[in-house]
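I've put the structures underneath this note.
Consider the two complexes below, in which subunit A is the common component and subunit B and subunit C are the respective partners.
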Partner chain A sequence: MSLANTDNVSKSTGKQVSWQIKKAVTGNIVPIVFTLLCLVGAVIAEASPIFLLSSVIIRLARNLLLVFSLIIPVVTGLGLNFGIVLGAMAAQIALVAVTHWDIGGLGGFALAALLSVPLSIVFGWLTGKVLNKAKGNEMITSMMLGFFANGLYQLLFLFVLGGIIPMVNETIMLPSGIGVKNTVSLKGIKYALDDVLKIGYETLTIPVFTFIVIALFAFVIKFLLQTKLGQELRCVGQDMNIAATSGIDVDRMRIIAVILSTVLAAWGQLIHLQNIGILQTYGSHEQVGLFAVASILIGGASVTKATIGQAVLGTFLFHLLFIISPMAGQNLVGEPQVGEYFRAFVAYGVIGVSLGLHAWQKQQAKKHMLEE
Partner chain B sequence: MSEPILQLLDISKEYYGNKVLKNVSLTVHPGEVHALVGENGAGKSTLMNILFGMPVIHSTGGFSGQIIFGGEQASINSPKDAMEKGIGMVHQEFMLLPGFTITENLKLNREITKHNVVSKLLGEKLKSLDMEAMRKDARKALDTLGVDIDEMLPVEGLPVGYKQFIEIAREIDKENVKLLVFDEPTAVLTEMEADLFLKAVEKLSASGIAILFITHRLSEVMQVADNITVIRDGEVVGRLTREEATIEDMARMMVGRKIDRIEKAKKIHNGSQENILEIRNLRVDMPGELVKNVNLDVKKGEILGIGGLAGHGKIGIANGIMGLYRASGQVTFKGEKIKLNNPKDALLRGMAFVSEDRRGIGLLLDESIEKNIVLTAMQVQGKFLTKFFAGVNFADSGKIRGHATKLIEELDIRCTGPEQLVRRLSGGNQQKVCIARAITLEPDLLFVSEPTRGIDVGAKKIVLDLLLKLNQELGMTIVMTSSELAELRSICDRIAIIYDGKLEGILPPDADDTDFGLMMAGGHSDKAKEVS
Partner chain C sequence: MSQVKKFIDNFGYTRIIIILFLIILFIAALALELQTKSLITGILNRAGMNMLLTLAMVPSVQSGTGLNFGLSIGILCGVLGAVLSIAMDLTGVQAFFVANVIGILLAIVAGYVYGLLLNRVKSQEMLIGTYAGFSVVSGMCMFWILAPFKSPKMIWPYGGRGLRVTVSLEDTFDKVLNNFLLGQYNGIEVPWGLYAYVLLLCLAVWLFSRSKTGIAMQTAGSNPRFAEASGINVDSMRIIGTILSTVLGAMGILVYAQSYGFLQLYTAPLYMAFPAVAAILIGGASVQKASITHVIIGTFLFQALLVVALPVSNAVLPEGNLSEVVRIIISNGIIVYALTRIGGGE
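Presenting the complex of A and B:
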């Protein structure tokens, strides 16, 4: 009996080690797969590393805060908040206002940041209200909410501005005087934040100040999650029932999470647009949710778990892939149009693949539990 | 003896005219360990729900009787009232967050906080957590229980035993606890963990906390309880002190009830030597009914009963074999291994299943009786279909109607006709529709889970008679899972008792009450007589 026992033990430790390796791989399967994809893509694209690096750095500065804005709702158990599109809209409304008043520079940027806060709080509150009615289906609900809000947004910019609210400004408005132009130049606030402090080296530019601001927000998010408020948010995220029985106001916490996310997203969109310098009035916000979600998923975050580190890694990999894939596509097929197709393909494909991989991961874990 | 901390006087409670508690009285003194023993459905949980002011009690018309706590008449209208008075409850299912550390769980929403720069400006909610102080408190509570575990470990992945201790630690960390209620605390523990737990209970009671201990592990009762109250069918049937109690007495009191055995006319030689089904190392991941390792043979032509207390996995067996929950192990049916996790395979090989979840997965409630009856046979076996071209099939409504009408008559389903919606039928008649569907498959082996759950007394007998008839006249092998021992004993040839996800033993239906009681409570199976 005892012999059989020891035999069993040694077998199980051997199994343990191989399981641990397997677990490390399956646990990080998403970032691993995408890192490999990036490597293969980079080889095919034959891109110079310095070019890739400089492109990715610019895109990191542009997008990180938007991706960060997804973390709090995930921690609170709301899944990936596609509703950050509403935050982006708030930012764009503020930007159009600032541009209309012709306030430029860092002051204009700060004013836009300030203006977007009340707007995004209201949007976030409304989103939170809706999501509380749709517990368990937050992701698809927030996505649809984004599409719905887009309709209202278009109504505002196409008819209400100039049509109902008088607004005279030749550079922004359509020639008819009703509705805002398709593209609005943001030259007043272009690089407002980036230009405070940046380091250039040959073709490489690093917007240091923007990165400092982003790091500050990362710190704020970390700090928030360590306070009593954060503890309650995390508690709600893990189990709404247990949270409720221990006296936490679940609905309120969820609304707070969505509001924080929406405000962060608004500021994230401002940082994004000050770098790009052009507002696509009817398009800039549309892909915001999609790209941010794709980024954080690539970093290994899931519907239930997301960290700052995953957001940074994910944004890096996603945008690297985003830059590489059209080049690789062109090198493979020799047709620039194919490259564009590859971009869209990558963004949607990434979400599909990483959600699929996460589901697979969960299944593996479950299977293992049964075998144990 | 000192002033009692808790007195329950003449507590009665009705659910929809059904008396579940009849004048139950109970007294607990500080520092006493009082065991409340009884079968499932005896009324233990209802009593505790009353003590805890659970909403379910007040939404169903309240209760009669008095609760006196700490010498004063107490009205407890919500769990919060109970907690404020100093009644702590350790739940059967864990209220723990897997991603939090032990300390965080212990202090859930009672976190110790301290000010930081931001919180001074923006308010209480932004205070930092004083993890060091929380840690100390957690350590203290865990030490009180004698648990040597790092208080900063995450709860996820801890053995169930530790989770139980964390639950208890959380209760004793609350400052004013005077009475602790444990609802089957050792049900999920291994023997060693249970020992540790019982030691902790002794420590707690030595510190003056009264403990009300609900369980059906009788050996544990003997180990720690000072006084024992046995309830059955909502009535107190025995009050014992530890000195006068014996396990056998308690087992008899717990189970004892008259059994009406439906005598069989032995037409078929039941219990032939041939195994129709062999189950080896079956594990089923059914939440709340985990099957851990079951080995069981079913003999051709018999009615095998599967009994046991709720949560021990008896329900999981049939669900696992039929592929409704993830299962692993080896199941051999008529000499061939079946594919697990594949309901179609199980059905095709000639097994059928009447689920315990009649309204959930057993029936299409908004479809007609006839559709419900033929559905599985149509889907799996391709019966009741007219074939036009290869692959294009239509339901053969004539055949369906004929078959349904025949079964409605045979099983005596009370309805307005085969087109009536199943939702409108009574529980007993719905159950008959389920059985009708199962026998439409013409199975060799029929699994029936909780066939009489939620149906009235008269209909119960009809359903049981029907099962017996199927067995006797058609020679169908039946495996019946039920929480009601009396019902198993009335028609089964052998009764397998499942305890803690494993087979505890097999008894003949006319075995002693004490044996059944002992087995269901995980008592030592050496007393069991194997029936061959």
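Presenting the complex of A and C:
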């Protein structure tokens, strides 16, 4: 695509402005297409704007931090970290512990946030170790690692808890006393963060405090990338060999990036679940990686470039589409399920297409270099 | 001592761990006095039913596109072939044959397109293949619900739009291969017909790898620069490998379905590539190297593990599904291990 653009420059120097518009469009083609898709969908779905807005605001509060957690590994050159699923698992282990001890409210939430840190540091460190052994294939390895960790997670929650580690609690354990129930009510910490400060207007609720926390994290990530550590991370992301020759411990930087990502994902999952209020013990974490990655890509990010702005835009568009498509499916063919399949198709498709385009461009650039 | 270490290195740690685990399971099964005959019947049946899907990995690895994580594309071609043959109201061997013909034709087209895609994303084939497969499966979900099929065998009996989630093959080609030349030996059933069919296809793939095109394809896979220099068109060899893999996927799911007795639509094919990938890796293959021996050993080991683990774990721990958890850990663990070995092996 970039090659076509350079050709255009030489041919149409007189049409500078129109070329600039063209560049702006091709550069942001993904968000533009999805904005159009959302608009068309909204018209077909005949949804009320207030309803859409209130649903999207809730979903933004739930998901933004999870999407933010992808940014640091992208900058460090690891690509999109599907392994944030492990962070979500750390959060859920912490939540089950807090629920078991029956500590509710903001205190319980804070304790869960604290507990999830050592867990996610260990998980992130292990993920980083594995990904360092799979350079060049980080994304698929992190995805498979998520599936693998899911098996260990099930082993822990179905057999170890109550089976090996004694745990007696009728409300969260299965009747046999071994293993955790499919759904655990998080009554204690439901809305713990949202309720600190929220504004309600008719059907519209804005969890202001949660957004403040999320914004704070956005600034922290931005700030972190400006520091010396951030520069080193970016240097590793640009070229591992150059980074290594200039004295940066590449493997260590990559592990740090994954640990940061995993910790952020754990907190993101905590914010997500305190709003939902119910833990699907064996399901809540499964789609976390997929949805977060699809969101950030829809915002226009790529394997090598991702910003806070793209994360926010992408999360907004992805979840808008998520709400609209079953309604549009209902109105279009009388079958809401079609819409549900459509959004799964979109989530997988957008990941496939944008990763594919990226790999293609890289291959083209390499070919170009060889020819020169 | 060093010889022992060398042997272990050659044989692969993962294979040794799996075999040890399997031996423990067998001892446990004997100690628990489980029905060994039905276990052996189960292993033989499951291995035969899954072998073609594992075999589909061979051409894709040999042609250099890595493990075919987008196998679900081929699987969907086979499923579509079966659906069309049911819609034509065919039965028995005829239905199976027609399903195969349609499936293969579709798979050639789909494999060609998929191969073109993979040629544009060299070195990232497995990742892109995974998501290509995922999106085609969810795209087909919309097709299954909207397709105007009328056959009462496939649509919901009362209300509900679209095809059923699982379509029974009872009146069509259920067990056509399994019941053909079924041998009974003191309660152990050996589906000779199924094995004849599957092993014949294994032989065909082996013969192909010895043919001129097959050797060119393997050269393109193992050393693309050398292949290019000696006048082999690497890209078209990779497309041939992808087409073959996709075709085997289509034929594989039909064998699987006739043995299982049901055709699974909608999201069922989503994760079907992973067990096939895990099986060939357990057999000793890697991302760069795979052979028919790996397929046969791997499928038997993996399926034996699954078949024996289920009753053993149920006897030890009646609550919960321990064997399912063990399956998730082993099959995904071995894939992660193989992915970390791509660079390290050289």
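Note that in this section the second predicted complex is superposed on the first by the 333 of 372 C-alpha atoms of A that agree within 3 Å, B and C clash if a C-alpha of one lies under 4 Å from a C-alpha of the other, contacts with A are read in each partner's own complex, and residues count from 1 in each chain.
Rule of thumb we're sticking to: contacts are C-beta pairs under 8 Å (C-beta built on N, C-alpha and C of every residue); 3 or more make two chains touch, one makes a residue touch a chain.
What you see is a predicted model, and the numbers here were worked out from it, not measured in a lab.
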item	value
First, second, both or neither for A:Ala359, with subunit B first and subunit C second	second
Which superposed partner A:Ser176 touches (first subunit B, second subunit C, both, neither)	second
Subunit B versus subunit C as contact partner of A:Ile140, first or second or both or neither	second
Touching partner for A:Gln231 - first (subunit B), second (subunit C), both, neither	first
Which superposed partner A:Ile44 touches (first subunit B, second subunit C, both, neither)	neither
Touching partner for A:Glu335 - first (subunit B), second (subunit C), both, neither	second
Superposition-derived comparison: subunit B or subunit C, residues of subunit A touched	C
Interfacial residue positions of subunit B with respect to subunit A in the complex	79, 95-100, 104, 108-111, 113, 116, 118-119, 124-129, 283, 285, 326, 328
Subunit C-touching residues of subunit A, taken from the complex the two chains share	130, 133-137, 139-141, 143-145, 147-148, 150-152, 154-155, 158-159, 163, 174, 176, 178-179, 333-335, 337-338, 341-342, 344-345, 348-349, 351-352, 355-356, 359-360, 363
Contacting residues of subunit A [partner subunit B, same complex]	223-224, 226-229, 231-232, 234-235, 238-239, 242-243, 245-248, 366-367, 369-371
Of subunit C, residues touching subunit A in the complex	69, 117, 120-124, 126-128, 130-132, 134-135, 137-139, 141-142, 145-146, 161-162, 274, 317, 319-322, 325-326, 328-329, 332-333, 335-336, 339-344
